[in-house]
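First up is the structure itself, then whatever we jot down about it.
Chain lettering (A, B, C and D) follows the sequence in which the chains are written, and residue indices restart at 1 in each chain.
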Amino acid sequence: MMFNPVLLIAIPLGLAFIAVIFKKIQKWILALGIIVNAVLVFFVEKGETAIGGFKIPFGISLVLDDFSAAGVILINILALAAIVIAFKKAEKFAPVILAGLAGMNGMILTGDLFNLFVFMEITAISAYILSSEGRKPAQSFNYLVIGSVGSVFYLLGLILLYNQTGTLNMVLMTEKTGFLEQTVLLLPVLLIFVGIAVEAKLLPMAGWVRGVLGNSNSYTGVMFASVYSSAALFVFGRIFSQVLVPGTTVGIVIITIALVTFAAGQASAFRSKSLRQVLLYSSIAQSGLAAALFATGFVFPAVLVVVNNAIGKLIMFSAAGSLEEKYGTDDYIGLGGAFNKNTLTGIAFTIAALSLTGLPLLFGFYAKLNVLAAYLNQGTFFVPAVVLLGTIVEGAYFIKILIKLWAPGKEGEWADADQSVGDKRIFSYTGTIAVILAAVLVVLSGLLPDTAGKLIAPEGGLLGDDGPAISLLIQKGGDQ
Amino acid sequence: MNLNLIIIITTAVALVAYLVSKVNDKAGAAMTVVGSLFALIAVFLLRDSIGTEITLLYFNFNLTVTGWYFALVMLMAYSMTAFFNPFWMKKLIYPAGYNFLYLLSMAGTLGVFFAKDFITLFVFWETVVWSSAFIIQMGKSRQAAYVYYVISAIGSMATLFAIMFAYGTTGTFVINDAFGGLAAYPGRAIVIFVTFIAAGMAKIGIFPFHVWLPFAHGSAPHTFSPVLSGGLVKMGAFVALLSVTAFPAYKIFGGMASFRGIPLPIYFMMALGAISIVVGTLMAIKQEDAKKLLAYSSVANGGYILIGLLMLDQVGFAGGLMHIVNHAVASAAAFLSIAAVAYRTGTTKMSEMGGMIHRMPITYVVYLIAIISMAGIPPMGGFVSKWLIFQGLADKGLLFIAATAFFGSIGSFLYVFRPLSAVFLGQTFTRDLNKKEVGVFMLFPMVVLTLLSLLTGIFPNIFLRVVTEIQTSLGVLPVTLAENTIVTNNGFLDAFKVFIVFGFGFAIAFVLFIARRKSRRVELMDTYTSAEFIHTRELLHYSHSFYAPFERLYEKAPDTMKLYHKAAVKISEIGNFAEAIFFGIKPARTVLLVMGTVLIGIIAGGVLS
Amino acid sequence: MIKFASLLLIVIGLYGILSTRNVIKILVGINVMEIGINIFIIAIGFVNGGAAPILSVDNPGSLLKFVDPVAQALVLTSIVIGLGVTALGLVFARKIHKKHGTYDLSEIGGES
Amino acid sequence: MNWFNILEAGVSVLLVAVALAAVLSKKLLVSIIFLSALSMMAVSAFALLSAPDVAVTEAVIGSGLVTFIFVASIRNLGKAGEKL
């Protein structure tokens, strides 16, 4: 039995209102909503659904194709995992989280640019409220100001496009903008880019990230770094690889911004001493890479990067937030040997870090391979070189953290468990299980990339063009 | 038994060893012995199935004689060192993790040597890199694991670039096809050659990538240093080999400018190998720590191997291949004997030991024979392979490189005997008087390696026959072998006769030594100091700063490590800059940035279109 | 004419955000921007001499020239969202005041 | 030049002037009052551009509710809150 995708938005939104009314049982409503959504997302009907009785393209429509299906599945599963890891932290925000989930599902599913704006704002407001958990109101305020400016810019770009094309429907927009000149498109596209860049953590708008994610806990960190940013990146992908496909001029501008984001993020992560700060800069870098891929039109590699980053950051941010709560610091030099008594969590964290670096046998390697292959097949050498240099830096800072967290001990002496910071448990049992499951997923999908690739992009789907080709190639050892 | 099964079983044993170690770490360590010996025997038996291909998951393997040869060398280092593992479990922070990673990295090396396509090669390669990085951090230095990983990553990423570039050019990942098809693109081929060989250079420790060896070899757990130096370094040699054979470097670069018949790109790499010989030798002379000294000697020997392999000719290439075995055996034995000493005394600093020959005579003999081989002195194997490399260089008239190789040989006399005299000879520290020789379980691998060292020296043709097979399979004219004699253009070598002559010399020296044993015994630190009181006790050790006058000649030489330091500082500076500019925590900054971005974007767009 | 005035409003709003460290005034700046963009949207959708897009006895059919109804729908939504964001911003402003005793971001210093 | 154009010009000038006043005024309360005035000008602009329903909404929310919450939040701050 297949359901209408509207339910993915309507159920959490409705439950959010109910949770506001019945404050006493809001945590159960939260659990119910998230679980129902995580199950439902596998049983929604593909295709275009009109809302409100208007015919497409006059009304608002939801589009569930392979791309948005991958997006909503990822988002809802991640939201579930985040709740499982830190339910205690999440329960007081039940209505906010549910509304945010509705907003994210809406963002990914909608086929209308203004509708997208509304859902983005719902998501953003829920994110602002969640950020206040960091107890740094000035940072939340900073986030809100940046978000508001971004949304005004988005609206401005949108209305300029509307003025040119007379439509807000994505499909029609694609057709009509095809006739427009690049110079005309440049300003609106840049404005829209800036608007989406807030949640996607891309450069001109990434100023909030340090303040908000740097003070995140084991729940909010996961929400910002993997859930919200994945949703925003999927929207980015939808717009810049399908709706407003950038031509040469616009493309060069956007890709340059994205690559600068990548480089700046990696370099900043390299110099950071705080665990969460390293992770947040690494998230910015990964977002930059995904954005560059989307803007070039390499949808499948970009989706792989997004998924890899989301799962990796889920594990790492929840661990980092939890470490901060347990030990009162997240300066990784002061956390020497924290994994000594948390072996399972440590292994999951290690797998996540190695996967983000793109080490083989893990999902990240498959992602990295697709990224490189896409560019080199196209004949671009510059971007792969940048990506690989970034990977060296990334590997350097991750291995530094891993070594520190695993092996305490003075330089010149053997690593010694007695020198570790203590033996507090990082996660509860459910949290550990969730994290381990995520890590197992990373390993399994790395060992069976073909299956994983097909799950993300079924053959013949929207992503099929540059899709599973490389995984099949690996399978056959390159025999074509 | 096929290769898939070997890899799967060793991985499974690794997992079992992990679980067993959780209960009893010694039992887990014993599993590493079992697992590695099993792999050694199983791979040895693969000889009959050479030439077949096999697939596991998405990995494709191709059983070549080259891979078989390398795999045996590697597994020899792993299995012999494994005998030491049970005795070091107490010192390790994660015994279970160590045992697991030990076997996992071993399984990884198998995949590297038998890879048919690049994906397989790279996947297994990186598996080895990160699993060994996690082993190294358990040793004496965290910094070591970091440096090791970063340098390896530089090499690996360059190689990945080469792999993907070749794929983008020829459309295939199969090693021979992907590289074979590059002949039509000589411009790209240079880039691919240089970047592909980078991982190999980083692994062998060729200048300027050599900085990780003293760190990692010197500080890794004593039971892993032999594997690192004797085994893993040879993975780099394998990649270097691929870059002249699978990548038909001589064919592709044949039309280019060349120096004495060697195309310039290849000559450049050989020159780097020559520099490594010099740098490794000079640095080894300086060291005060026995393991660091041996690590630098690995740098120098890596240079020999690289030069030999890159010649890809009848004689020098055979020498390079032969030197892989010799150096693996000798350096594994040397590191193991130092580990055995460290097991008893708890240190590897030369100035803290002395006279161990009285306590650990067998270990002494093991070390002696190992360094004789390493220094390339007859009658050990190292002499045969270095002789072949010299012959190759002389044939081609590559004087500069031959000179450095010669320099390295002389230099190695200077440094390899220092641990010998400092650790084993002289008087025993009072502290160490009650120390005993290590147990049979630890002596066994050392003795086996020593016998192998002798075997390579006395009957090198046993190994050279395999080398000729490799040469034939790669389409190179094989080195000429007669009955126990190696024949080259410039002469011939009968290793057995050399052994007889040198053995006779040894015997005479030994008799003289026994006959005139009348030296006065004093306490080790009882040194004449001109009535000056020396506070630092280790300065009294006669082997401390042994070559100080010589070292002064090059003490001002630039340190390569500083280069990497500077690069890291630069990246941090860029990071600081980016944080200050882009990631400020005030809203006004971001608003300005947005306006700037839009403005610049529009201007750039206007300029571009 | 009014189009340009509304665009100018957005610029003034941006200037307002940039020129002050006071959180309330930053919110005022954001509101100015939002008003500017709302007027701009309506102005874009405006057809000279067009009637309001409301069906009534006076304008029964589609024969008449309507101004764009989509633009007006957008602005309605946008106004409501603007209210929500402003309210939330004020909540944060109160929290800042409670924690630091001031509305001035420059007095708070490097809270990160 | 008809009545529409004249009105449009007048509203435009007022919009910009009031917005500048809102942004530039030193006192918070004055600033908020000017913001409210700006909202009223926006209402007239909407009415002028044949958007009566938007105008009504803006009047209620923009000049009503927004002003109210602004004033409410700075009301009990006394003099400290009024400096720039």
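One rule holds in what follows: contacts are C-beta pairs under 8 Å (C-beta built on N, C-alpha and C of every residue); 3 or more make two chains touch, one makes a residue touch a chain.
If you're wondering where the values come from, they're calculated on a predicted model, not measured in any experiment.
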Is the C-beta contact count larger for A-C or for A-B? A-B
From the mean C-alpha coordinate of chain A to that of chain C, what's the distance rounded to whole Å? 29
Report the inter-chain centroid distance for chain B and chain D in whole angstrom, where each centroid is the mean of the CA atoms. 76
Taking each chain's centre as the mean position of its Cα atoms, how many Å separate chain A from chain B? 41
Cα centre of chain B to Cα centre of chain C, whole Å, reads 67
Scan chain A for residues touching two or more other chains and write them down. 138-139, 141, 145, 149, 210-211
Spell out, as numbers or ranges, the residues of chain C touching 2 or more other chains. 13-14, 17, 26, 93, 105, 111-112
Provide the full list of chain pairs in touch. A-B, A-C, B-C, C-D
Contacts from chain B onto chain C in the complex sit at residues 585-588, 591-592, 595
Show me the residue ranges of chain C that touch chain B in the complex, using the header's touch definition. 14, 17-18, 21, 26, 105, 110-112
If we count contacts the way the header does, which residues on chain C are in touch with chain A in the complex? 10, 13-14, 17, 23, 26, 30, 33-34, 37, 40-41, 44, 70-71, 74, 77-78, 81, 84-85, 88-89, 92-93, 95-96, 99-100, 105, 108, 111-112
Enumerate the contact residues on chain A facing chain C in the complex. 114, 117-118, 121, 125, 128-129, 132, 136-141, 144-145, 147-149, 151-152, 155-156, 159, 162-163, 168, 210-211, 214-215
Given the complex, residues on chain C that touch chain D span 1-2, 4-6, 8-9, 12-13, 15-16, 19-20, 22, 24-25, 27-29, 31-32, 35-36, 38-39, 42-43, 46, 48, 50-54, 67, 72, 75-76, 79-80, 82-83, 86-87, 90, 93-94, 97, 101-104
